[in-house]
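Chain naming follows the written order as A, B and C, and within any one chain the residues start at number 1.
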Amino acid sequence: MSQPVLVAQNLTKTYGKNVIFRDISLSVNERDTIVIVGPSGTGKSTLLRCLNLLTKADSGKIWLDGVEITDPTRCSEDECRQRIGMVFQNFLLFNHLTALDNVMIGLTKVKKMPKEQARRKAMEELERVGLIDRAGHYPGQLSGGQQQRVAIARALAMEPRVMLFDEPTSALDPELIGEVLAVMKQLAREGMTMLVVTHEMGFAREVANRMIFMEKGQILEEGTPDDLFERPKYERTRQFLWKIAELHGRKAAEENG
Amino acid sequence: MKRLFFAVFLLVVVLMLVSCAPAKPANHLEAIKQAGVIKVGTSADYPPFEYVENGEKVGFDIELMTEIAKRMGVKLEWVDMPFDSLIAGVQQGKIDASISGFNYSEERDKVVDFTISYYTQEDAFTVSESFSGTFNVPEDAANYKVGVQTGTTQDGWLTDNLVTTGKMPEANLFRYDRVDQVALDLKSGRIDVMMSDYDPARYLVKSLGGLKVVWHGVLTSGPFNIVVPDGDQELKAEMDKIIKQLQDEGFIEQLIAKYIAQ
Amino acid sequence: MLIEFFRYIAAGTATTLAVTLVALPLGLVIGLTFALAHVYGGKVLTQVMRLYSTLMRGMPPILLLFILYFIISGSINLSPFWAGSIALGVVSSAYQLEILRGAILSVGGEQMMAARAIGMSRLKAIRYIILPQALRMAIPPWSNEASIVLKDSSLVYALGVAEILRRAQQLSATTQQPFMAFGTAALIYFILVFTANRLLDYVSQRTRIPANPLG
């Protein structure tokens, strides 16, 4: 068993008097697709942002490919972030750049790739998410689902070791969720190492190999999706998952007419 | 990147200008002769002494100074400034000298020096033609609203003799940047009396119309002098010499005939 | 008669434009640097910038102009034109600081976050992501500031720089026709400001981001 791609140990984050999360430890192996679920406000997004050092955890350590990235002498923050991809709930595309430029800019300005080479790579990634024909469009001219797919392409272009998804479909209209989930499922099948915070249970059951339930800043339960859905250890877990599934089922029923 | 370049470029330009300081000559006059040009300050809004006509600076002082510079063997560079900044300009060395209808005054003498007189000027009190009051002696001004150009010897006289002594309320003394502004307010009736130099008053009376000079004589004025930096004996001596020459040659009389005797 | 007036006063336009073209870019360089320091510089720097902004904008520009002029020309031997233009630039920098700071803040911290997520350093993010958006946003209020600097350039008349206003004063003194003289000056300023605004409108149009969600 090779070493895990990403390891977090005893991460704690407080904000003033509020404890966002305490003593969180997890480990992400190559090709894992891990889904994190839990009630809103339990610190899932903050946890994700701590993993790629956008936010500083108050205590705890993080390793990427065996290198401790929370130690500033081992690797610079910016450098580490090149190897961790992140997709945000609000897409956060760069408004002044076309879709193609959005995907390219990391390659040309951060990786210092020559322009032609970067362009080709960017086109490949856009192809991968099915948006090659929108390469010249600006974010304002794209639908939410298209914007999110470009955001995924942008993150993928950097060839990260692991992709973090922070509620990638929560800000989308229901009809647009499917196209984004399709891309994500494809990625999982291709073997991308992924950590996804989401409410989309369908996604979890289809492609996730591990699931984590977080509540009140703690990891309550961990296991395979089947474990948590069929044989949850805690009543709370069952309550939450079945509530979500019910909503999801109702939504699916509505959509299917 | 472009922004950084521009900032550096600007810095370099500023530094270049700063480093353009000339080598130390023996004294101010030397410096002027070395540079080949004399910078003279004036406030070209004071006919008939210095004013602008057809895009050119003309006037008694203008022509006089032009001739003086010629005889000094240097080019003349005019620096036009508001009247009340001229003394400071000479003090700070922004200009080498100033000619602008300056009367000698003790206050000015504390901070600058004067050449010998090149002309004698009288003071005048001017009123509108419809003026119905009495004006026989200068002190009569205390009974009216009086306008004056700021920083002039007339300003000093009115302040010291009428306002400070209580003969005239402060609120009745109106100070203006330029003498033509005083005349305009006089004509419109906002003030009753204007105190100024005599020749400019005559010019304004002729040009504006509707005004008349009710009193003129030597009160504060008297001699017109050129202003030079405090303690600058060499420049003063040089200019004094030339002024004397011009007086002897009748040059100054010609100027009077051209600009004043009308 | 009007033609003569116009010709003499209009000759000061070159000086007026020169003063503006020194002051405005200087104000931009300083204002942008300080705006970045304010937003990204950390606690101490932010406080210093706030002090600068409050101080410089807290008095009438002409007063600040005189103070700066005497400080500058007291220490370095510059002509009134350069000392005055530089002083005007410093005055403008405080207002430009606020304009640019507002624009940078409206681009938002999330754009910064997204830039950093793909491995950009803060500096790169500012240069490639924040500023391109912020500067576009800043054009309308900046255009206003440009007009103000153009009009405030008249203040250097008091320092002995022969621009439009001073020439109008001279004509008024000679001809006793203040309305003609100052009216002509006003007309010239109006033309200059109008042209400048149109120009900046055009720039704004050309650099517009299509369908920008940030407006």
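Here is the rule we use: a residue touches a chain if its C-beta (ideal position, glycine included) is under 8 Å from a C-beta of that chain, and two chains touch if they have at least 3 such contacts.
All figures in this text were calculated on a predicted structure; none of them were measured in a lab.
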Category of the chain touch graph - line, ring, star, complete, other: line
Closest chain to the centre of mass proxy, which here is the mean CA position: C
Intercentroid distance (Cα basis), chain C paired with chain A, Å: 45
Intercentroid distance (Cα basis), chain B paired with chain A, Å: 79
Whole-Å gap separating chain B and chain C, where each centre is the average of the chain's CA atoms: 34
Chain B residues within the chain C interface of the complex: 1, 3, 6-7, 10, 14, 17-18, 20-21, 41, 44-47, 51-55, 79-82, 85, 89, 92, 94, 178-181, 183-184, 204, 207-208
Of chain A, residues touching chain C in the complex: 52, 54, 78-79, 81-82, 85-86, 88, 90, 92-96, 105-106, 109-110, 138-141, 154-155, 158
Chain B-touching residues of chain C, taken from the complex the two chains share: 4, 7-8, 11, 25-26, 29, 32-33, 73-74, 76-78, 80, 82, 86, 127, 157-160, 162, 166-167, 169-176, 178
Residue ranges of chain C in contact with chain A within the complex: 110-111, 113-121, 124, 128-129, 132-133, 136, 209-214
